[in-house]
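Right, I'll just put the structure down here and ask away after.
Letters are used for the chains, namely A, B, C and D, taken in the order the chains are written, and counting of residues starts over at 1 for each.
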Amino acid sequence: MSSLFASVMLPFILAPWVPALYRKAGRRVGFLVAVVPVSLFVYYLGFLGELGSEPVGFRLPWIPLLGVDLSFALDGFGLLFALLITGIGSLVVIYSTYYLGPREDLGKFYLYILIFMGAMLGVVTADNIVLLYIFWEITSVASFLLIGFWHTREESRWGALKAMMITVLGGFGILTAAVLLYVVGGSFELSALMENREAVLASPLYVPIVLLLLLGAFTKSAQAPFHIWLPGAMAAPTPVSAYLHSATMVKAGIFLVGRMAPLLGGTPLWYYTVSAVGAVTVFLGAFLAIRQTDLKALLAYSTVSQLGLIMPMFAAGTEVAALAGAAHILNHATFKGALFMLVGIIDHETHTRDLRRLGGLYKAMPVTAVLTGIAALSMAGVWPLNGFVSKELIFEAMLHPPFGPDVWTQAFAVLAVLGSAMTTIYCLILAHRINFGKPRYGDAEHPHDPPAGMLLGPVLLVGLVVLLGVYPYIAEGPIFNAAASGHMREEVHGHVHNVPVPGMPLAMSLIALGLGLWGYRHLESVRRAFDQVRPRVHANAVYDGILAGLDRLSRWMVRVHMTGLLRDYIAYILLVVFLGIGLAAAASGAAFDLRLDLAPMTFVEAVVIALIIAGAIAVAAFRHRLAAIVALSIVGLMVSFLYVQLRAPDLALTQLMVESISTVLILLAVRYLPPLPKEQDTARRKAADIALAAGAGALVAFLALMTNANRLFPSISQYFVENSKPLGGGSNIVNVILVDFRGVDTMGEITVLGIAALSVYALVTLRQRTRGRAERPVDDPPVAFDDPRSAARDAREGEMP
Amino acid sequence: MSPNGLALPVVLPMLTGIALILLPRRAEWQRRISAVSTAVGFLIAVALIRQVRAEGIQVLYVGDFPAPFGIVFVGDLLSTLLVALNMLVAAAVLWYAFLTMDPERERFFFYPLFQFLLMGINGAFLTGDIFNLFVWFEVLLIASYILLTLGGEPYQLQEGFKYVMINMLASTLFLVSVSVLYGTLGTLNMADMAVKIAEVKDSPVVAIASVLLLIVFGIKAAIFPLYFWLPRSYVAPPGAVTAFFGGVMTKVGVYAMVRVYTLLFGVDDGFTYTLLVWIAGLSMVVGILGTLAQMDFKRILTWHIISQIGYMVMGLAIFTPLALAGAIYYVAHIMVVKTALFLASGVTEKLTGTTNLKKMSGLLTTHPALGALFFVGGLSLAGVPPLSGFFGKFTLIQAGLAEGRYGIVATAVGVSLFTLFSMIKIFRTSFWGEVRHKAAADRAVDLRTYGALLGPLALLVAVSVGMGLGAQFTVGYVLESAHQLLQPSLYIQAVLGSGLGS
Amino acid sequence: MELAAIIAIGVLFGSGIYLLLKPRLLRVVFGSALISHAVNLLLLTSGRLKRGGAPLVGDVPAPVTDPLPQALILTAIVIGLGTTALILVLAYRIYQEKGTDDLRQLRGLEDES
Amino acid sequence: MNPLILRTSVRIHLYLLTLFSFYLLIRGHNEPGGGFIAGLLTASAMVLQALAFDARYASSLVPVREQTLIGLGLLLAVGTGVASMLFGRPFLDHVFHHTFLPFLGEVELASAVVFDIGVYLVVVGVAKWTILTVATGRAGQSGPGS
């Protein structure tokens, strides 16, 4: 099935050409781009009825070393998503051509959209978890770019960042879980891992694997408390909200749970975690939706809530739950996709999304209003629309939990009913409040229905809403059961009903509807009541708090230790040396062997060494710089004298010469430096300095002693003594070593000298300040953008010799 | 090619540097000669890699003196790879420097100094002798001192002085360790040392020497807690220099750490592992914390260097083939991507006249190509798949979890999230937003120059993307070299085995 | 002999470090000079001191002092000369540009957020 | 002291020291001496000149640009290595050959001596350049640009 691979790659291959195409084709680019999703949609339609639990696959080695291959598998479950991705993708691409204004950068927009489409197709067809993760992250990146499409707006930039951070956090969870699975199960291939399911379940790593993986799913699907990014993502253009943030990307988390369930599911941990989070999310999402006045924000929270309803369906592992989940994925995509597009139209026409400023739209734009009403009622679960069909299934599944009903599952059901009741309330707001009553058109005088092209998407989707509500059997086999089968990895033959069947689920639906109706009639008091119950801890506040806290921590850290003082830096290094050597000595544990091997000392040598010691202390102590220089050169001279005593004539000569030359250099340089003032060190600081210095001296002396006492092996220098004449042709062994045995050292060393001379010359001669600056350091006072000075500087920079 | 090829990465830049000093300082000549030489150097390095892959570790007995007496150059998969990357990055940076370096700096020996820097770095990668390593360090350091301060701007001088003094202290400590090692082991050849250390593993001398060397190389590599010199000194010099330093310099320290720990000391005792893993974790955390409050393009990138060094140390600490491979991969990836990002910061500075993020915005609107290149580079740095950074991180995570090192893996993953955060911060504030800086057309940087400036950046980003998509090859290579490193007997055999006979 | 040399090394190193901790550029430079003396002597003592004549091969074979550390020190001395020259120049250029030789005033903090 | 006497004696010093440094350079392979020491000696001779006269005069005594000295020195040093490579020998493999020169006695014509001469040139160039630059606070003979 290499065509499968091609279908995933196609958007990626074509995406880079879109900006160029846009420059050529202008605004018509959308119709050209639409060819991609439409043809892919047709391609995937071809699989309808063919696929169930048995996937068709394709595999190409990519990085076999790491166990990451381009292996794809499409089954009924993936097919459902693929159809959504390409189908809604087609509608959205066409819709955006009308929605986005003539001044928008459509080239970039469609580039991002195509990348997203390819990545999303990759997610739902990948058989290798790492491959899945790769596509997963690309969807996050594409979503980031699309949320930030109107990047001149602060809320877009902020929302994009938040969405990215939270979804990528979850992505890392998936990656880590994938690697842990590899550790336990020996593969990244899902199909191979399935064979090792027992080992995975038995592993002590099972719990972290599940939690990390679910972290990925929950963040992507905006489950509480990670739901906070989704409302922020509404800063994206509405087609993006319709496509990514209601129909496809946010369902990737659900997909992941459904995909991994056969491997990791079937345990209480899996089921109860997902169900609990889902139930809380249903409730919280609906609760927050009612409080919104922005239509898009309302839809965003409603999406959160609906996702919480679907998610647990794929954790239960029962047939009815699988069927319910599959059906609601499709149904939700239809009505929510339509609603987003319709809200986009309303926004487009009235220039507002504030529902307090909207009303009576039915009079001005009847088609839009009717479509909105139908879609919203479907979301509320009103018969005979498709929302009703899947909601019945969901309630039924909730009543038949895999581990039998208990207090927890009952609580989940109650939360779901309460959530649905609140869903009814906000659906009625959408269906009734803005369409009827006193005309309020926002900023527009006479809004009207948009052109047919813009309505195409909503009409088709609402058509599906009705069709699947009235006659859901059309999708029962090829889509719902196929998807459920793919998820369960065994054939599922469930049934959907288009007529209400008396029973507990129907009762739950009716309670939800009734409560909702009552609530809608008392909307104002409900709102007031809700406003009273402010949650103590806002997930948003946590997010902001973490960022602000890290920012403070960062400043504090830099301020505290990056003092900019050389003294502190030297002290750090010394402390690290003390600590490191102390630890190493302690850790090695072996006793020190202090058998010294000493040569006799003559009187002259003693005097020389005494002078060196005295001189060194004098250099440190003298405040007068000439005195210090004299002391320094005495030290140098005595050191070279010591070299003579220690049978190192070459060293003595060199040291002597170097000493005289560097003394001259110091004397010359001192002319340019100010005299040394009295230092006002506090006694404590001085004591600290002396302690550090004494410690350092003692440490080096200790190392020397240790070396002396531990001559573990004879030196290689006997070789030089013996071979200096025969191999090097000289009898001055040191010189032969320098030019022959270790000639490379000398080569490097004279290079150092040469560089030093170039440096001295360049440093002294090249003075930037006198002739302005080519590149300013950042700490200069800010230069205004239109500062003539900077213009002059740029002019200079521009000319290349 | 005879083993003499190993001398070429040192000799060629040296000859080039000499030529550039001797020849009249005409900018075109200086540019052409250094460009040709660096390109040839890269090709030579590639040829060396091929040779090492085909024939195993290559050893050049300089002056024909047998090991351990003379100095040896050793080319294994790691060192030749790093030489090649060094030359590649250098080529890109030079290309950028041709377009941006101010004529004054060009005339004051920028190009020859750069060649000497390359010579020092290549020497450090290739030498098999600990004192010779010191010499190469000095060559590259003194070249770096002047490249950091060349131009004599006050900020450069002030931060350069601290950089020089700290490195001087580090060099001193290096010499102290050399004298401890020579005094006790009686040799300077690293292979010979490895043989002797293996005999006296328990001696406290060995433990102390290893920690001393760790500190010395740690200062160069800017690991925690020895990194404090880096964030300020690296932002001072011109863009090209910062880019090269940010990409390459600290990696020499990392290389030296990897070399001494694989060849001489090993990480098999609990103490060294604990030490390294804490260093790794804290480097990551502190480096990333440093970026969070910064609002300056270059400063964010320089703080990142520290946290990325942490990943490399992490690989070294875990010390399995996969972990070491991850570390090497990371080194290669960072050399390429970090340089690219610094170049991007340089281009934005050319365009807007600032590196302060608060003072620029909307670059994506005015310069979409730059925005795209930065975005891809930034994502790669943060380890977003399938770019090169991802596979480094992935390999390290895989190695860490396989060994059950959960703490460090969690740290690595968390830090990479905030790496992404800081890259996005740059993108959000300076590439997105209203166009607030002047459009390129109004400024002296005309469109042609701008297009040319993107050349080296695009080259490096392309390499990063290629490294990621071609991960089978790149990961294969680093795994192979990790295996080589974990069998020090191969190295010892190559150096001493045939050497003793001659 | 070695003990005395080692004491000298310790004092040289300690004094040098003490000077490195001081805020005046010139004293820091002095410190670096003292430290390099210390390290050179340390290298010398890492071989054995005075175990024979100067390392010159005569006609009669005689024990000589370990020549290798001497060669290493020679290299180190020369490198030290180069570095010292650079540091000196750097110091006085800083004074020229910033008008101060006090490292406490050369901190570069004010520009950071 | 009478400046004339000083100057004359310093000049004589210069010739003597330079000669002596050549001697040290040549014999360095066998006796204490060699390129470094010889180079440094020549440099200190020039320092003396600079102290007695002025830096410019001192520098004019060696009428070669410092950067040329350094470049040539490095070239000689690395050149011996490259030469051995050209002959198919390992890098920096030195050859030597004994010969008899008047006044100096037996001297070997070793490529190592060429190497050492390179060292000598570099040291002279570096010392001269550095001291001049620092002494005058400006460039030596080689001004910026070509």
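The rule is simple: contacts are C-beta pairs under 8 Å (C-beta built on N, C-alpha and C of every residue); 3 or more make two chains touch, one makes a residue touch a chain.
What you are looking at is a predicted structure, and each value in this text was computed from that prediction instead of being measured.
At the centre of the protein atoms shown, by the Cα-centroid criterion, sits B. For the pair chain A and chain B, the distance between mean C-alpha positions equals 25 Å.
Chain centres here are Cα means. That of chain A falls 61 Å from that of chain D.
The mean-CA centres of chain B and chain C are about 28 angstrom from one another, to the nearest whole unit. Residues of chain A in contact with at least two other chains: 555, 558, 562, 564, 566, 570, 649-650, 654, 658, 661, 665, 669, 672, 700, 703-704, 707-708, 715-717, 720, 731-732, 738, 740, 742-747, 749-761, 763-766, 769, 777-779.
Residue positions of chain C touching 2 or more other chains, listed in rising order: 20, 25, 28, 42, 45-47, 54, 56, 68, 72, 74-75, 78-79, 82-83, 85-86, 88-91, 93, 97, 103, 106, 108, 112-113. Multi-chain contact residues of chain B (touching two or more other chains) are listed as 14, 17, 21, 62-63, 104, 108, 131, 135, 138, 142, 145-146, 149, 152-155, 161-162, 165, 169, 176, 179-180, 182-183, 188, 232, 293-294, 296, 299. If you sketch which chains touch which, every chain touches every other chain without exception. If you check the complex, the residues on chain D that touch chain A are 28-37, 40-41, 43-44, 47, 51, 66-67, 70-71, 73-74, 77-78, 81, 92, 94, 96, 98, 108, 110, 112, 115-116, 118-119, 122-123, 125-127, 129-131, 133-135, 137-140, 142, 144.
Listed in rising order, the residues of chain B touching chain C in the complex are 131, 135, 138, 142, 145-146, 149, 152-155, 157-162, 164-165, 168-169, 172, 175-176, 178-180, 182-183, 188, 232, 293-296, 299.
By the touch criterion given at the top, residues 20, 25, 28, 32, 35-36, 39, 42-43, 45-47, 68-69, 72, 75-76, 79, 82-83, 86-87, 90-91, 93-94, 97-98, 103, 106, 108, 112-113 of chain C touch chain B in their complex. Here chain D touches chain C in the complex through residues 30-32, 36, 123, 126, 130, 133-134, going by the rule given at the top. Taken in their complex, chain C has these residues touching chain A: 1-31, 33-34, 37-38, 40-42, 44-58, 64-68, 70-75, 77-86, 88-93, 95-97, 101, 103-104, 106-113.
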